[in-house]
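Below: a set of structures, written as structure tokens.
In the two assemblies presented below, chain A is common to both, partnered first by chain B and then by chain C.
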Partner chain A sequence: MQVPEDYFSLFSLERRFAIDKNALAANFRALQNENHPDRVAADDEQAKLLAVQKSSLLNDAYATLKSPLARAGYLLTLQGVDVEGVSQDDLDMAVLMEQMELREKVAEAPAGEAGLAVLLPIKRDIQSRIAAREQRFVANLEGDDLSSAKRVFHELQFLHKLFQEIEVNEEKRLGY
Partner chain B sequence: MVLLQIQEPGGKPARPKHRLAVGIDLGTTNSLVAARCGLKVETLPDESGEHLLPSIVHYGSDGLISVGRKAKAFALTDPKNTLVSVKRMLGKGLTELRQLGHYLPYEFDATREDTAPAVLTHAGSKDPVAVSSDILSVLKARAERALKGELEGAVITVPAYFNDAQRQQTKEAAELAGINVLRLLNEPTAAAVAYGLDSADQGNIVVFDLGGGTFDVSLLSLTRGVFEVLSTGGDTNLGGDDFDRLLAAWLISQSGESAVVEGEALQLANELKHQLSDVEEVEFTMEDYQGSLSREQFAEIAKEPLSRAMMICRRSLRDARLGLDEIDNVVLVGGSTRMPLVRAAVAEFFGREPLTSIDPDKVVAVGAGIQADVLIGNKSDSDFLLLDVTPLSLGIETMGELVEKIIPRNTTIPVSRAQEFTTFKDGQTAMALHVLQGEREAVADCRSLARFTLRGIPSMVAGAAKIRVTFQVDADGLLSVSAEEIFTGVKSEIQVKPSYGLEAETIESILQASQENARADMELRSLQEAKVDAMQLIDAVAAAVIADPQLLEEGEEQRINEGVAALAAALENGSSAEVSDLTAALNRISGDFAARRMDVHISRALQGESI
Partner chain C sequence: MAYSDKVIDHYENPRNVGKMDDTDLNVGTGMVGAPACGDVMRLQIKVNADGVIEDAKFKTYGCGSAIASSSLLTEWVKGRSLDEATAIKNSDIAEELGLPPVKIHCSVLAEDAIKAAIADVKAKRGA
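Now for the complex of A and B:
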């Protein structure tokens, strides 16, 4: 396994947001098949250590590209954008209002399992908002408008976080 | 643990063509060993033809150690020296063990209460690792007799939900028995391996494993010989024993006999449970009481553990982001899945009949045997690979006794993740790190794996030092943590050792930074860093004084100017510590002025003026 230029080239993919998920999975499995520590389970410690490192890199790369949010962040990082730091410029007042509205809706769901019926359409709504934002992200990135792309990325972070919180909320209602 | 390699006189024996490797299912109730015999991987019987070895060890007063059926006979007559379900004790402290409320008729070794719980027996103090090792030794001997050769390695299965300490101790027990561990394999994964290869299945598989003492559910996807574990869930304290216990309690309450010995009620419960797998209703006699038990009644008695298991299934589906309609197969593992009420509940939940063509008691050992054969190199051309995940999140304690997750659960392993931390006090030269495992946010709710201290951090202002903490989980699911101070480049590493519940606090490994050779380099680098900070501050203060002179209080400008002059002098020929100290001093002197400027600018901004 060669040291790759980036995670996309590692899996023989074009460096872009829209990827062929099946090709990603197939190439990941093929590379893991060659490099996994299990392939050298009966060999010496040095070989095992090297295999652990290669295999870890593959797992990390795969996890990054598999998740649309992590993939978007990674594309920005490759362009030299620092996605860790969030400044005032990165957040629109309208986005904060959107978050507040969605969170209010979640809070209004009745207690217990009865609330699940209310949460489901909110989740669908968030999913469609995520899809729309992803399209804008791609347009911004292709148009080389990195600051807009970064803004959309942070909006996506908010939406994904809220989505996860709703799932935890659902779990609690189901009793675990 | 490194074992002595004893070489026979007369040089190395010729290596056999087929290298001998076995799969071992070290179970709570029963253990098995499996190996390739010709074309098929099968479990190996003992001399009397029995495949299942009860995981029971008896230490006799005559010095005799018996394992399995022979030991089981002593469970009622000599319970203090008969260790059962020892797997449940692995990786746990005594306090934790007692809280779990299991039947523990043992006398524990008071001198070892702080570490692993050890039982005082005729053969001395025996901890769970030693007892497990005695079971493994018997299986090893059985395999070597059946295969007529020396074992080169073994794959040992563990519940997917086992934490780091439990995995470590399983490995230790195997090594103590002289077994070379090729891999610790999650039990449900092993079961899917057994089915996957035998039936050449493709798609998403649920493995529902209800054993004597533990419950696991795993979701796997199988594509062209590669198994990917999508999620795992489970409970290390949920199993067939719980059904026995509930049924025993019911029997006692029905008969109203206070004289009934708990052990006897348990035995009767266990018998009735087995009988109900074949018939709809059973009659029983307990002391003078005669009664009957139907499947329906039993289902009602066993409602709680069963619904707990189904809840865990639901969660695993969610973790894997799979819907019920995306499940292609459900595999049943563990003797407890023979219960018709369990099969019915599984079929109802997943909306399909589960696979049962392989004996649920043997399927894990068979899968481990297949994997052992691949790992030892007998099938080097195989394109078959297992990708496992971490069962529990791993993290580190941060401010406010909260846990910051570094590796979330269900991350594919091996994995390496790093996080940067910094000092919070000026001149801080050591940092305590607390490694935890679990899903909850509060430290108190997670399991403490290790504490260690990184020493030798260069003295800097708060927040300037950069400590990179790296978590590495290997293919066995075992964790090692390393910490590196970035300025000095010094790196130290520890393998996280098993800890025992509440006593984990006492485990402390010290990372002594051996930084001698890096010291000169470090001083130079930290001086440069300090100078950059100092110059930035001088520029900022000067600009502020010019911009907002009206905000300065009486005498304040003079104090600020003095601070700037002192710092500027230190920039010429001071050490990094002097530059840092004076930078901090100037920050303090100009702090109030900066705060006033901030207030004014914010209020202007709120009124719509541009800054």
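Now for the complex of A and C:
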């Protein structure tokens, strides 16, 4: 049986969470160059369409592997795990409490630029929580414990989402 | 996508925001979340000796629809028995608030929260 091609093999990378980001970027640029729709003869509509499709696939693949969260979700998807379907049983009470507490801290930050000094340590805290979760994710995935890996993935989703929201919050305070 | 007037009303004037003492055996707590949206919802009910919900509180971090769904639900469950509260469906909430299809999951979250709160208080009282 032919092994189905995945985004990792597309960029000649090993199928794992830890990737060489420089190799990913370099291989992406090389493939993008090779498949650029402008390189196809102007009158060959069929080849043009194909090139456009391939270029869009490359962009999707690159975006998926570049983002640690999307990469984690993709690794689970490749194992047949449905990461879109979430039931409350997939979430631990402790994780929901953690989110509540972190969000309360963010909400309590004083208004305006004064709040930035409060948000910065919260962001650092979230980053360290993300790093710890990523290690657990890798351990679960390598140990073939997919249900635990899925739980950790959902925890990562919460943390990344909160991190993004804090960045938007900071930008607003700075008037961007 | 525009929010309905009812969603905006609940978002701007959320009812029953707060926290109850979770160690109280008559208080049931439901904590639920939606990881992709980052929403977290805590819904609490206080049940009297007759099994009627006499008070309800919530705290939701999330979009306007999630806040409105939980706010509306706390209004609805007050004065109802646990069985009556269990019968509330997410579609009732979605219809009342006029939620568009992409926001139906917010009302599902609220239904999950009240179900969890009811299960919690039943477990505490039944013990």
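Going forward, the second predicted complex is superposed on the first by the 168 of 176 C-alpha atoms of A that agree within 3 Å, B and C clash if a C-alpha of one lies under 4 Å from a C-alpha of the other, contacts with A are read in each partner's own complex, and residues count from 1 in each chain.
What we mean here is this: a residue touches a chain if its C-beta (ideal position, glycine included) is under 8 Å from a C-beta of that chain, and two chains touch if they have at least 3 such contacts.
As the structure is a computational prediction, the values presented were derived from the model and not from experiment.
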| item | value |
| --- | --- |
| Which partner reaches more residues of chain A (counting touched residues only), chain B or chain C | B |
| Partner chain in contact with A:86 - chain B first, chain C second, else both or neither | second |
| Partner chain(s) touched by A:8 [first = chain B, second = chain C, both, neither] | neither |
| Touching partner for A:137 - first (chain B), second (chain C), both, neither | neither |
| First, second, both or neither for A:162, with chain B first and chain C second | second |
| First (chain B), second (chain C), both or neither touched by A:52 | first |
| Which superposed partner A:174 touches (first chain B, second chain C, both, neither) | first |
| Partner chain(s) touched by A:41 [first = chain B, second = chain C, both, neither] | first |
| Residue ranges of chain A touching chain C (in the complex, touch as defined) | 84, 86, 88, 91, 93, 95-97, 99-100, 103, 107, 154-155, 157-158, 161-162, 165 |
| Residue numbers on chain C that touch chain A, as the complex places them | 31-38, 40, 42, 59, 61, 112, 116 |
| In the complex with chain B, residue positions of chain A that touch it | 25-26, 29, 32-33, 36-39, 41-42, 52-53, 55-56, 59-60, 62-63, 167, 171, 174-176 |
| Chain B to chain A touching residues, read off their complex | 19, 152-153, 182-183, 223-226, 228, 311-312, 314-315, 318, 374-377, 383, 385-387, 411-417, 472, 474-475 |
